[in-house]
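Before anything else, here is the set of structures, which you'll find just below.
Below are two complexes that have subunit A in common, paired first with subunit B and then with subunit C.
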Partner chain A sequence: MNAFAKTLRAEWTKFRTVRGWVIGTVTAAGVIMALGLLPGLQGSCGKHGPGSECVLPVGPGGEEVTDSFAFVHQPLAGDGSITVRVTALTGLLPGPNPDEPRPGVVPWAKAGLIVKAGTGQGSSYAAVMVTGDHGVRMQHDYTHDIAGSPSAVTATAPRWLRLTRTGDTVTGAESVDGSSWTTVGIARPAGLPATVEVGLFVTSPQYAEEVNESLMSGAMGGPSQATGTFDHLAPQGGWTGAAWQRDSIGASSNGPAIRDSGFVRDGDVFRVTGSGDIAPAVPGAAGTGASVTQTLVGTFVGLIVVVVVGAMFVTAEYRRGLIRTTLTASPGRIRVLAAKAVVVGAVTFAAGLIAAAVVVVLGQRVLRSNGVYVHPASTPAELRIVAGTAALLAVAAILALGLGSLLRRSVTAVTTAVVVIVLPYLLAMTVLPTDAAQWLLRVSPAAAFALQQAAPEYPQVANLYTPPNGYFPLPPWAGFAVLAGWTALALGAAAVMLRRRDA
Partner chain B sequence: MTFALHAEWTKLRTSPGTLALLVVVVAGTVGVSAAAAACSGPGCGADLPKLSLTGVQLGQAVVAILAVLVMGNEYSSGMVKVTLTAVPRRSRVLAAKAVVVAAVVAVAAAVAVAGSLIVGRLLLPTHDLVLRPAVGSVLYLVLVGLLSLGTATAVRNPAAAISVVLTLLYALPIVTGVVTDPAWQKHLQQIGPASAGLAAQATTGDLVIGPWKGLGVLALWAFGALLAGGAVLKRRDA
Partner chain C sequence: MITVNGLRKRFGATSALDGMTFTVRPGQVTGFVGPNGAGKSTTMRVVLDLDAADAGEALVAGRPYRTLRNPLRHIGSLLDAAALQPGRTARNHLLWLAHSQGLGARRVDEVLDQAGLLSVARRRAGGFSLGMRQRLGIAAALLGDPPALMLDEPFNGMDPEGIIWMRRFLRALAAEGRAVLVSSHLMSELQDTADHVVVAGRGKVIADASVAELLATVSGGRITVRSSTADAAVVLAEAGASVTPAGDGTLTVAGLPAETVVALLNRHGVPFSELAAHRATLEDAYLELTRDSVEYRAATPGEVR
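The block that comes next holds the complex of A and B.
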């Protein structure tokens, strides 16, 4: 057996024979599981008999989508194109008093032309539209978004839109005068049938704004609605117009609108009012339900325990004078530190892996049986969340070990570790405004919590992508790299100091 | 009692690290407050007096270390035997420690809060200087110190004590944050030592608990911890 294996065995023996450390590790796993499985959240899905289950439509890519809008349409077969002029986009936002909405348009209110496989929710589509604050866009199949010209629509500057279908492709174009056209984008919606539903659509997503008062920062909002005014609606090419039908797609699934979606036709002019969104479904302030991230809230408490164990794994040696025996038995000091890091990291990783796996698998079921809508994450994402949670705990324990070796005193080491890892997360989650919170979650070791993000961010979906809603500023592995960097720094400093100082 | 007080004051004054910790209380509190006050954005303008006192969130951790060490050092160095030989009335020892901790923390907290307010004045848009959040923050830090002292006396192991205190102060608010049942969330916020105690800082918004009532809740926590610590101190061998 070589020297490192012997040191490793010695450190493992120390770890498993100190009751407090074993209890601590088990407690950390237990707390993560308990907080993940206890019914903290309550929802109303499925609680009011059959029919009240929350089911979101599924898009062509397999992702869950929101698909509700006001639709003025007719079925058209084969190839052809359709043109319209948008002269206004107005709307209503929820006000401080729920009964009195105030005028305003949300940034991602949409009005324009759409070619859709059918009127069923979640069917594939391609659309070109004007938006409240993001100019002209070409979108298809929920997750794809192409930007056109950035200017907004006003009465003095109306905008012409055109969709052209050629076989499997749909081309979106825009124009300021109706004669010179600019292509916005070309889309290939999945499985477009020969006969498609073509027409005008208007929709307006949930309005949400950040509030920052009292002890907690949070979000307030509610449904908004938008009204698009169109004229010069004309099918061309192979398409010849018939009567326009009017539908509210998915009217009930996105909560009640401020007012019913409306449709007024005044000769050539169409005034269409809608509420909802055509977009991937997102958990958070502007969406519905929770994500897997929320089931892992216990990680935070588990982290404190794990950090204490990690720090004490080395500080206890100084307190009892055992460090002298240890360094006499294996004089390679770096080797001792490495063995300790391997032992505490491996034990914590194993405990974290079990706890996170149990929570991710069972916690979602508990939430669902409580009537909470949980956005399912893809299997790779779930695996990343489980392994990531374990890695976060393990590396944090090693960071605490490094700090313990540097500071030698358990109280200072534990507090320093908690302050650098746990406090930034707490501040970001509760009191800090979003800007400061995101900055903190980029630079501090708490950045590694990004490993737990379950829901992807879509720039074209209005939502508060804030840490309390389960969205972190860094991608998962970048966040983990920040924690790993701090840990390497602490371990490096600990190694240098361990060699230089007397034990 | 005077002698016990004098003894405790000498111990605290002469033990290494006390001054450093007090400096960290002030520097950490003012530093984090300044960082929070330097933020700009739509969410920053909400509750300016409270925002300028964000540093208390960090300061409380350092106060907790200081208070835990006051008792923890006695056990880790064996000093406790000498202490109890000199002052056989054990409750008196704890009382003297509590007085000394409260006094020292109050001074440091007053400096830290004053510094935070000055920084907030310089960095934030003009706002009224409100006395209650400032006084409330000082009292909050004093009570956190007493809570930590009581916990350390009850638990004895300083590392275990600090983790209990930090869990109460930091983990409880996070757990509260994810409970969506509003009634439960409100109750948890009302009884959590950090969320109730820090209600003293808020000047806008509807609070789950009144500012002075919130400090009262924290005071009950501190008193409970000291009682538990006193009982353990009396019953067990040192």
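The block that comes next holds the complex of A and C.
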């Protein structure tokens, strides 16, 4: 057995023979499981008999989607195109009182042309549109988004839009004058049938705004609506000659509009009012339901415990002078530090892995049986969340060990570890305004909580992508790298000092 | 064998070691005595590579400690009997130490037996008396069956029975051919234990001698004679002894063995009522040697330090 293996075995024997450390590690796992499995959130899905189950439409890519909008359409057989001029996009936002909406357009209010496989929710589509604040866009099949010209539509600067279906492809184009056209994008929506529904659409997603008051930060909002004013509607190609038909797609499933979504035709002018969104479904303030991330709320409590154990694993030796015995038995000081890190890391990882796996699997069931809609995460995402939670706990415990070795005193080390690892997360999740919260979750070791993010962020979906809603500023592994960096720094400094100082 | 050569170390303004040099030989118990602050513990920590010396070197079996593979098989040490995780049992304390040296649980049970701790092996060390902790420390030092042992104040906190046990134990270890270094600030503890004594003061060695030599230096082979006549002084002085009247009717005679003194006085018919070899204790020797090196001595009135 080589020297490191012997030191490692000795450190493992040390760890397992102090009851407090073993109990601490088990407690950390237990508290994560308990907080994840105890009924917390309550919802109404499936609580009011058959038909009240929450079922989101599924898009062509298998992802859950929001698909509700006002649709003025008629069938198009085979190839063809449709051209329209958008002269205005106005809307209403929720006001201070529920009954008094105020005028305004949410940034992702959409009005334009759409080619859709059918009127069923979740069916594939391609659309070109003007938006409240994001200029002209070409979108298809919920997750794809291409930017066109950035200017907004006003009465003096109307916008011409055109969609052309040719076989499997749909081309979106825009023009300022109706004669000179620019292609915005070319899409291949999945499995468009020969005859598609084509026409005008208007929709306006949930309005959400952050609220930062003295002690709590949160979100307020509500449904919004938008009205698009169109003229110069010009279909070409294989149109069947049917009349324009108005539908409210998904009107009941995703929040009612403030006013009845309407369709007014005044000669050549169409006014279409709609509410909702055509987009991937997101959990959070502007979306529906919870994400897997919510089941892991207990992580920070478990984190406190493993951080204490990690720091104590070395500071307890300094307190009693036992570190001298340790270094007498294993004079390679770096070896001792490395062995301690491996033991604390491995033990914590194992405990965290079990806890996170149980919570992610069973916690979702508990939430669902409470009537909460939980956005299912993909299997790779769930695996990353489970392994990531374990890695977060393990590396944080090693960071605490490094701090313990540097600072030598239990109270100082534990306090420092909790302040640098757990406190940033707690502050970011509760009292801090979003900017500060996101900054903290970029630079502090708590950045690794990004590993727990379940839902992807979509730039074309308005939502509060804030930490309390389960969205972290860094990608999962980048967040983990921040924690790993701090840990490497602490361990490196601990190694240097361990070598330099008398024991 | 433990070799300490020219160790120097400063803690800030104070010099802890100032050229400490000595050798601990196998087969005997070497006492390492000196007042508090003489540098005994620092020397031991330097030997174990726990503290770095500013100058000089310390070797165990001819090598620096940090280069030893399985160091506990080369030297066992006990620096601080209180250095225990209170929640860990005695057996588990020895077990992790054994694992660090590639040793198994069987060896742990052997040393527990040797130290007389088998009955309390599964009790938490936090509940141990200082004496029991010392035994546990001895057991830990013996784990690797090392040819050298280094114990810092092992008698501390031991009851008389424990002290007797420890003395016998140390003697037995030396008799097995091991080099044993035992520090103490009380010379009397080493009286019947040490074969050799290194007396330290202010970071260096003041005396490095066998116990017999040390006692001889101090007592100088003196004999006390009580006699009512002045003839005794004359007879002994003529025979070459140096005779000093002690003032209370006794003479202190140096330079002649006791048997010769008795024979001379008898031959000359000089009556004497008492004759005793002047027995110096290690304590006396130590006090005399360290008179100038006591770091923390109460200042006598009028003395300015």
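One rule holds for everything that comes next: the second predicted complex is superposed on the first by the 497 of 503 C-alpha atoms of A that agree within 3 Å, B and C clash if a C-alpha of one lies under 4 Å from a C-alpha of the other, contacts with A are read in each partner's own complex, and residues count from 1 in each chain.
Definition applied: a contact is a pair of C-beta atoms (placed from the backbone, for glycine too) under 8 Å apart; a residue touches a chain by one contact, two chains touch by 3 or more.
On a predicted model such as this, the values are computed, not experimentally measured, just so you know.
Contacts of A:V297 after superposition on the shared chain: subunit B is touched, whereas subunit C is not. Applying the stated contact rule after C-alpha superposition, one finds that A:T434 touches subunit B and leaves subunit C untouched.
Taking subunit A as the reference, the larger set of touched residues comes from B, when subunit B and subunit C are compared. Once the two complexes are laid over each other on the shared chain, residue contacts for A:V305 go to subunit B alone; subunit C is not touched. In the superposition on chain A, A:A10 makes contact with subunit C only, not with subunit B.
In the superposed model, A:L426 lies in contact with subunit B only, and not with subunit C.
By the touch criterion defined above, A:A88 lies against neither subunit B nor subunit C after alignment on the C-alpha atoms of chain A. In the superposition on chain A, A:P468 makes contact with subunit B only, not with subunit C.
20 are the residues of subunit A that lie in the contact sets of both subunit B and subunit C, per the superposition on chain A. Those residues of subunit C whose C-beta lies close enough to touch subunit A in the complex are 45, 48-52, 65-66, 68-72, 77, 79-80, 82-89, 92-93, 95-97, 99-102, 140.
Within the complex, the subunit B residues that touch subunit A are 17, 32, 35-36, 39-44, 46-47, 54, 57-58, 61-62, 64-65, 68-69, 72, 76, 157-160, 162-163, 166-167, 170-171, 173-175, 177-181, 184, 189, 195, 198-199, 202, 204-208. On the side of subunit A, the complex with subunit C involves touching residues 1, 3, 6-7, 9-11, 13-14, 17-20, 316-317, 320-322, 324-332, 502-503. By the touch criterion given at the top, residues 20, 35, 40-43, 210-217, 294, 297-298, 300-301, 304-305, 308, 311-312, 315, 319, 372, 410-412, 414-415, 418-419, 422-423, 425-427, 429-436, 468 of subunit A touch subunit B in their complex.
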